[in-house]
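In the two complexes that follow, chain A is the common piece, with chain B as its partner first and chain C second.
Let's look at the complex of A and B:
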């Protein structure tokens, strides 16, 4: 996910190559090259994904890996559990629910905070923009493991914020004013002090942090193309800043806004490290389960594959719904 | 006026929050002991020596990371060039489809593609080998050079092409004298995007490596269970430095705002 989606591949670009003279032999070579390219792309880009789909219908052999099959047992297990109809469990559906919940909340949080930031950034000089972009790209490319490490140090109970809360007397103040009990209700405190790990808040914040630079970079093209004279005109006619934002800026970036949220959502569906570190095991996601079934303690590749397919279907479903939303509404660009 | 102040405050706040975890990890690299403290205790640079020189676990992982990233970035640029070029040249439906297929690995959740590559390589017998890791990353990040090179090709001045065609230049000559030089910054940008992201990638490499080799990010993930050590923070310092240097270089010699899709009419 990133710029790739934002740029229309194909013959819509601003400049097109003029047809240059091509010899007969060059045409033949071109066709050969084209054939090789197709073979390579199909083999390496599509075959792995097709394998996932095919293996998701496979059958696990006790103690001996798995075999090819055409069974729906892995999908059935996902929906009602392995021992259905004797007993049913919604464990895996619950994990999918948490996947979606984290992804929706974190992507919305990222987009809502990134929008004003990106808008302000595009009003700066080209040079300043380049500096910001370098900074954002550097944090964006920084591996998930480092970012989780950083937040872990900040949020863990023996160092970072909880210690700061206790040392500064903020914990005592919270206890006096009664907010401490509220925090305990939210799962953000143990009897002695505040705690942020494990908690949904910490998980969502870290996930949101992970995709925030992506949000800025995806919103950047649309906002930088926004004609500043529109907002100025509205201001001149006496519109208040909030009205300008609501009636001029927001409508013109509505599509990229929805698109960005969807892309962040898809990306977050597969988040793994942050969830294992910050989320309570009862609130783990499908991605964690995939990992455990394919490589972890409970080796069951077909079931892991089936869960991957369900992640893919979820992602696709959200993308399709998003596209419907943007297409139906009037006034779309 | 009031609004401008609020805007500045908001921007600074955002910068602080974005920088905070990174600054904390980096400063933890200075710790003298084996545990992560913030602020660091008895500051030393000894951990840097461990990471880069003396600790074989980390030096091996670093070598693997560098090999994979360089190999994958080179390979993905080599693969992206003909695809992007044919798309720009012919604009045909087939070449657009090819470019779309090439971008698919980047668009699906990485864990799904990682699982798929794990199956793929176990069938081909390459699971756990470095070449498999290189090819996997090259495919995963193919979309990046594909996009930057496409942007570069579209930026070529049409008049130059027309002039070349009028003067009877063959496709090869035009390619060598106009297309290649004018798109070089974009090619290099694509190379570095792929390089940096490959360097930092973790989940796909986890499935492809099958624990037979470790890159730095894998090594860190494997060590997470035993708690953090300042040596891991050194890795973070090294990685963020590489990213900043690379992206600054792209900003300096390439057109970063344009690559990111900024409007060209305003400067």
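Let's look at the complex of A and C:
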């Protein structure tokens, strides 16, 4: 018996012996890979970020470049203006407000419209779903500039929809029915014709159009995993279609819904092209201001950096709030 | 009295036909099992009863009222789904109270009713638990309680035991049957498990390829399978091919006598079925005797299976553990096929899904 035992377990000795060095080298390789990864993260993410933070405390030399310093003047300028306490301005806080307002409205609009679409999509055949997903992924390859240009043409006053409104008599009809005055109140018409540019409506619509495919792709996994028998069970218990949506489907995808909205929100905080094209200059955002200060005529990198840091803090704050919301949720799995 | 009636129900998806001309009456207060292999249309039929699918043709009536096109939320037949379909974002009590809550019942009343139902399914004190904290068996009880909360006229269960392990399954079958008898509720259970159907049902409807093969009490179906398919699907059977011969059946060189003369013209090709436990080892004064060689003995404890090579073909004989103790492998023994245990079917009927179908 012992002989058989030894025979059976004999080969493990040498195997283990040869395993030892390979194990050690595997550990070394792993550590090396990890080191490289950290170096990449450090070089491409952390160092630029730290640089921006440091520059945000720098000092702008009037009529020249800027110099390293440790001053809060850039943050003070953002919050109360450069000439405080003699005079104060909320110009930059206002821009931050518009950043958040556009991002909140556009991300909500995208999620609210993408949700029913994605739900219906997941009820289609596998093939139809694949076609839709490929199509939506393909639209992501269009750059923001390209999309904004397209909408710019569609909404432009002389060649786009307003022209079509006037030519088709829709403008006259709106004037007769009184809707024209409503549109003027909303800033969507001048005395002669409808106009969509510049307007908040056009800005928000374009922004949500930009992120809409992301909304669908982010919501798709959660909705396609949703057991169809959940909705059917609710129906057999007397729930009408709207009740099913409200009491079963929405609560089941609450977490992905919040997550998607937050992601789109953060993404839209940095939107630039659509804002410059569609928003009124008085309603421009922090992102636009950052660009103007860093690359534009003023060449005030420290102030641009300070605005970037504030934008970053805002985004982080929203993410933290979202995290809290989802953690407190009773339905968390 | 007839609670629910299906008449000439048909369901087609494009060219494929899922349910073909099915007419069934479901008597008040009885438990009916729709039994068949997967893809036989039993679940589609149940979904049409629940209102989740609309029949292509035919009518469904409840107490004489036509409900064929009534949507599911207005039928309110309680249904237990294969996956149980419990709402993960609600507590056990909220799940059970769902039907009442969306109907606008007061909160206190919902809680009282839910707790009463939790008693009924023996889950006292589980009301505040989350669905994720429950075991499979507990989930099933919650699903049953939830379906019963709205006091449905018809109680539907789609493969309710398939998510449970084998031991729990048998316990729950008995428990569900006792609950159904206590409540006296008209119940329809879809299953592919013949033991489950025989444990629970007043009446079994065997389906195959979208059609009803046979309907009757469990004993009727077991003792008198109407077709070769039923004989193979319910329990086990030895199948033999033969020819009609003056009221008897000739299988190879052996002439087998029947209890009643077979109603086939001479030379007609027929299929014979005989339950393994109906064949006896040893010679008898009456009955059809053949000799066979034992090729395999399967000792299952309470019973033993003998596999034999005989002039009739390969046969399996099931005997009580106390019988045939002296029989050895390779031995040639006599065996008797009682005439009253032989069932014959025309050759045209479909072959059973598998020979010697496992239990």
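Keep in mind that, in the parts below, the second predicted complex is superposed on the first by the 305 of 333 C-alpha atoms of A that agree within 3 Å, B and C clash if a C-alpha of one lies under 4 Å from a C-alpha of the other, contacts with A are read in each partner's own complex, and residues count from 1 in each chain.
The definition used in the following text is that a contact is a pair of C-beta atoms (placed from the backbone, for glycine too) under 8 Å apart; a residue touches a chain by one contact, two chains touch by 3 or more.
On a predicted model such as this, the values are computed, not experimentally measured, just so you know.
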| item | value |
| --- | --- |
| First, second, both or neither for A:117, with chain B first and chain C second | first |
| First, second, both or neither for A:323, with chain B first and chain C second | neither |
| Touched partner set for A:177, first chain B, second chain C, both or neither | neither |
| Which of chain B and chain C A:37 touches, first, second, both or neither | first |
| Chain B versus chain C as contact partner of A:236, first or second or both or neither | second |
| Partner chain(s) touched by A:282 [first = chain B, second = chain C, both, neither] | neither |
| First (chain B), second (chain C), both or neither touched by A:252 | second |
| Chain A: partner with more touched residues, chain B or chain C | B |
| Chain C residues touching chain A - in the complex, by the definition given at the top | 50-52, 71-79, 81-83, 85-90, 98-99, 102-103, 132, 146-147, 149-150, 156 |
| Complex interface listing, chain A residues touching chain C | 227, 229-230, 232-240, 243, 247-248, 251-252, 254, 330-331, 333 |
| For the chain B and chain A complex, residues of the former touching the latter | 3, 7, 10-11, 14-15, 17-22, 24-25, 28, 36-38, 79, 82-83, 86-89, 91, 93-96, 98-113, 115-120, 123, 135, 139, 142-144, 146-147, 150-151, 153-158, 161-162, 164-165, 168-172, 174, 196-197, 199-203, 206-207, 217, 220-221, 224, 228, 232-233, 235-236, 239-240, 243-244, 247-248, 250-251, 256-257, 259-263, 266-267 |
| Contact footprint of chain B on chain A as seen in their complex | 1-7, 9-11, 13-18, 20-23, 26, 30, 33-34, 37-38, 40-42, 44-52, 55, 113, 116-117, 120-122, 126, 129-131, 133-139, 141-147, 149-154, 159-160, 209, 212-213, 217, 220-221, 224-225, 241, 266-267, 269-270, 272-273, 277, 287, 290-291, 294-295, 301, 304-305, 308, 311-312, 315 |
